[in-house]
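Each of the two complexes below includes chain A, the first together with chain B, the second together with chain C.
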Partner chain A sequence: MTDRAAAPVAASEAPRLARRRSADPMQPRTLVLLAFLLPALAFLVLFRLTPIVIAIGGSLFTQNLAGETSFGGLTNFAQLFGDERFWNSLKVTLIFNIIINPLQIAIAFGYALLVMVPGRGITFFRAAFFLPMTLSTGLTAVLWNIMLDSNLGPVNAILEGIGIGRQPFFLSEHQALGTMIAIATWKGCGYWMIFLLAGLYRIPGELYEAARIDGASRWHQLVHITLPQMRRPLAFVFVADTAINFLFFAPVYIITKGGPNGATDLLMFRAYENAFTFINWGRSLALSTIILVIIGVIAAIELRLFRDKEGAEA
Partner chain B sequence: MTTRRTVLKGMTATGGLLAAPQLLRAQAKTELNVIWVGWPEGHITPMAEMFMKNNPTINLKLERIPFNELFPALEVRLQARTPLPDIFFADGPLTASYSIRKHLAELDGILGNDLSRYTKAALAQGTYKGKLMTLPYISSGMVLFLNRKHFADAGVALPEPDVAKRWTWEQTLEAAKKLTDPAKNQWGLVFEMADRPYQALTLPQSKGAQVLSEDGLTATGYVDSKPFIDAMQFYADLFNKHKVTPTGVFDTNLALEMFATGRAAMYLATTPSLASISARKDLDWTVAPQPYFEGGKAVTPTGSWHIGLNPRTKQRAAAETFIKAFAQPEYVEAQARLRPNPPVLKSVWDSMGAELDTPGWRIVRSEMENTAMPRPATPGWLEYEDILRGAFREIQGGANVEQRLKKAARDIDREFAKYRG
Partner chain C sequence: MSVDRRSTVLAFGAARYVTMSLIALVLLLPLVWLVVSSLRPPADIFAQGSRLGWGMLIPDRLTLENYTSLIGTGFPRAVGNSLFVALTTMVVGVIINAAAGFAFAVFDFRFKNVIFAFVLAAAMMPFEAIVIPLYILVQSLGLIDTYAALILPDLANGFVIFMFRQFFAGLPRELYEAARVDGASWGHIWLKIALPISWPVVLTGGIMLFMHQFEAFFWPLVAAPSPEHTLVQVAIARNISLEGTEWGRLFSSTTLAGLVALVPFLLFQKFYIRNFVTSGLK
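On to the complex of A and B.
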């Protein structure tokens, strides 16, 4: 009887308790929360979402030479899909990303493992790996363009000196994309190393200690402890690196202009060229929208892959 | 205690404070935003100072944008269709493109009808549909620079600085072969603008090619015509077959440096190089006219910088003052003294007679009167130039000339479709 009477009382108490909790001075009120979140949300909407909406909306419009716009539906997309150069750009962009993303992250992970263990002079190596990141992309492009110049570049002088012979690098249809990947990797790896290094430091030392007691080799520790523990940082680095590399632009603009023979004709360069050389903003925004969709799809797949594994492990 | 005097003092002070900003505004100078091509500061600042001294109520806010970045930067600014910049420097062949897109105000009404003082080629490039849209400011011409020592070492006789005794391209190639020495990393010939149609188009034109249709809207049948392909095959062979010209030298400063440091025996370049090379006291050099193809005709490039007035400017009166000033002979002459480009006013050629009486300038003056051919008049120059630059780069890199030019022609025509509609 007592129990039955107590139950409704407890139920009626619940909202009151909730109200009391919300009145707790240590619990922030909704308005306060909003006040703190609002500036960030406003900037997010203004600088992230608005340009995306403008790009998607603009891709459905065409602009005449006097700057007047009119609704064109999917005209811009239809023009792109009927253009052989678009398909070449798409192919080049995908090849570029399929190679560069795993390559950069594998090297960055290797760097992180190398500089993780404290030791003499380790700060020098950390700084050396990170240093290329401090150079601007434009400067990096100019620097490597000079270094790899077929006539005056020191790299070719060295290659000739050791008997390999001069290489055309950016002037060759077969070497230009690979060279572009190499300089982007040189610049980017140190940056991603920092994120992965932070992730490595978060792995509890006890796990390695227990593994060592059990007789696990370094390789087994890497495969069974380090890599599973690094899924979250790796997921972030993969998604962020993919987004950045799909937007890779400056070295192509500065060095190759998409050539030779379309070998480095990445979608971002094509979007730029359409807007500022071919005076076709609608087509440029359509390309930007396509890049956005590709990045979104690939990022979702990457997150899904990492999340699935984490779920299975849990 | 508040007296009447205190109240009056307070009122006067308040009135003064309220009126001060108005008075300051009235005294403030009109500011003109000018986008200038990124020449050395010494070529620009004295001109701006001269204008501001003569027009003390106008202040120039200059923005120098490097040559390679100027065109994309202008596209961004002009496409925004805002009042800024008030004034901008425009490459002559872009006059039609900017006019069609309403980025230029007509200048006829500002300058009046006395335009006969301009050289014919300069006036043609600034005119669209019979109206002067950009003010011709400086022009350009080209000469072949020669390293005397390399010629002597190779036992090759120098061509004369005489347009009547101009070398053919075939002669130039034979000389370049003898002047190229891979052991010394010495090249026979370098081009100042190796990938730019400005320079390269003169080769097919010398073979008699018409580089674009009469209406400026069709490339197929012109860019891929037989004389065009033949000329560009000769050009490609300089780089790939005969290896007398280095590939990948697309930076004008690098090309100049190659000649100035003795890495190239011949250097085909515009007149500003006359000043740069004259400054190298240890270099023994001379000049000759640009070569032509045997059986063809002598063609040299011309056309250069014009000044445009943004039709959306909020400082129309000051902008018109700027245009009127920079059309005056004293401004054109002052600029020509600072930067050795051919003047666009006939009178300045005469007033600077003694200074322009050198072998290099004599060649240029003759070329401007007889062989100079402006770049084709087309509203799609931006697209035409960009697509051909890509093709010329790849032709230097060993691409099949005919296939690459056919592709370029198709690409240009596709982008020209918007002008035909």
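On to the complex of A and C.
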């Protein structure tokens, strides 16, 4: 279709709309330009931008028990801020993120350092470290829910066999969040390892050679060469990981439903439950708006990192 | 090299391999247990699989019963749905994102920078963040519980557009100029010249779009509630919350769903990692 629209004959009757001289063969007619751009852009506007507008707009409307909506201003937010469950959920989400993001990135960095230098069987280890990543978050939750089952799970059989004793894991208020962090870390680190490996291979080899000639120890090289050189890749994966973990949902839905006693009640699950269990859309959209603001802040940090890097390379 | 130094190097190497092996065990054993359990007769699964001993990993008897008995359930339909949704998203998504990436790389137009900044912003916003307002939107379009609800929101992808733009902008401009002078249309240049050269990005972007759909959970959970449109991840998760879960089938279906996601990755991991990771870090 675009073939015909751009035929050279048509180019002469062309558009004042095109910014440059219409005779320029490198400038497409407006129709051609739209044919290239519009499908993707229209979908982005409809399915990315519009939902943000709906979230912010909808969060300002409240519902009464009959299901009638009316403009309520910041009522939804006021109610949220007066609700203990919201504060618990925010607390749980923050604790979850403060622990899981540094933990995952530290382990991923460890993986990357371990498999960086080629050696016998190293391809196997790289693949092994990455493999859990190919299991989706939902399937990871299904698998570990069975593995950690208090009666039937093999993990508890092992713990009992070696004398530690059975653990409740997801059934305990005190262990549930930690267990959630553990299974997400089991799955997630291999992914970030790949990014960090790419970063490690970009460090100029001369830096290490010079250090070796000076007799610097491995530890010394790690602290004074590797870490400073890896600052940007580490910051990048840290921010990207945080954006993902703020939206952690499937395992909470599948395994704990926010329990026991709110111990794993992450914000995303709160938003889901308000919308689809309590059918309180205004409140759910207020929660979505709060999540979007958090994601926006994370994205702004990410942009800054990108800009810093361009400045440094130019 | 002194004997002293050589022995530290050896000790370091040994410690490295011991550490890697331990990590590999923790990461792989659950997966091995999953696959082995899926091949046990249902009666053996917990009798053997959760009693401490070698029987945990080495089954007495092997059977495909858990796989063959999936045929009568909703699982084949869910796999079909997932494959249909993911493959459609992959093909249509690659086409429209590659076209937009090409326009950003080659054409000059008003507000280009502003529009491209919007694309980048979309690339940075995780899809899951907007699931609930998206539900309201898709509902008002009358599309809840249709394939369209599952496919349409996932077609345009800011990151894939970005990858294509980077690739097309890196090609020499003379390539397009020569074709233009010969009278080729832009559509022809894009389809016959640019797209074939960009096959590594086509593969990478295609796999990204496929995987995102195949592994999605939150959106298909709410957007397609009926059994006819249930996708595979949701189908499996639903099985564990039902009374009297068939554990054998849960293992076999989880194994199958994991394998489907693994295959494209194994086939194309070289391109995937090279393109995806480096465009993320550049």
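Everything that follows uses one rule, which is that the second predicted complex is superposed on the first by the 236 of 314 C-alpha atoms of A that agree within 3 Å, B and C clash if a C-alpha of one lies under 4 Å from a C-alpha of the other, contacts with A are read in each partner's own complex, and residues count from 1 in each chain.
Simple rule for what comes next: a residue touches a chain if its C-beta (ideal position, glycine included) is under 8 Å from a C-beta of that chain, and two chains touch if they have at least 3 such contacts.
Fair warning: this is a prediction, and the values are worked out from it, not measured in the lab.
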Which partner does A:F276 contact after superposing on A: first (chain B), second (chain C), both, neither? both
Kindly classify A:V115 by the partners it touches after superposition: chain B alone (first), chain C alone (second), both, or neither? second
Counting touched residues of chain A, say whether chain B or chain C comes out ahead. C
Once the structures are superposed on A, label A:A106 by its partner contacts, choosing first (chain B), second (chain C), both or neither. neither
Touch test for A:G259: chain B only (first), chain C only (second), both, or neither? first
For A:L152, decide between first (touching chain B), second (touching chain C), both and neither. both
What is the contact status of A:L227 with respect to chain B (first) and chain C (second): first, second, both, or neither? neither
So, A:F195: does it touch chain B (first), chain C (second), both, or neither? second
State whether A:L37 touches chain B only (first), chain C only (second), both chains, or neither. second
Could you list which residues of chain A make contact with chain B in one structure and with chain C in the other? 152, 275-276, 281
Contact footprint of chain A on chain B as seen in their complex: 72, 75-76, 79, 81, 97, 100-102, 185, 187, 246-249, 254, 258, 379, 382-383, 386, 389-390, 393-394, 396-397, 399, 404, 411, 414-415, 418-419
Enumerate the contact residues on chain A facing chain B in the complex. 64-67, 83, 85, 149-152, 168, 170-173, 257-261, 273, 275-281
Mind pulling up the chain C residues that touch chain A in the complex? 12-13, 16, 19-20, 23-24, 26-28, 30-31, 33-34, 46, 49-52, 56, 96-97, 99-100, 102-103, 106-110, 115, 118-119, 121-122, 124-126, 128-130, 132-137, 152-153, 155-156, 158, 161, 176-177, 180-181, 183, 185-188, 190, 214-215, 217-218, 221-222, 233-234, 236-237, 240-241, 247, 250, 254, 257-258, 261-262, 265, 273, 277-278, 280-281
For the complex, give me every residue of chain A touching chain C. 1-8, 19-20, 25-28, 32-33, 35-37, 39-44, 46-52, 54-55, 58, 111, 114-115, 119, 124-125, 128-129, 131-132, 134-139, 141-147, 152-154, 156-158, 160-161, 186, 190, 194-195, 198-199, 202, 218, 232-233, 236, 240, 243-244, 247, 249-250, 253-254, 268, 271-272, 275-276, 281, 284-285, 287-288, 291-292, 295, 299, 302-303
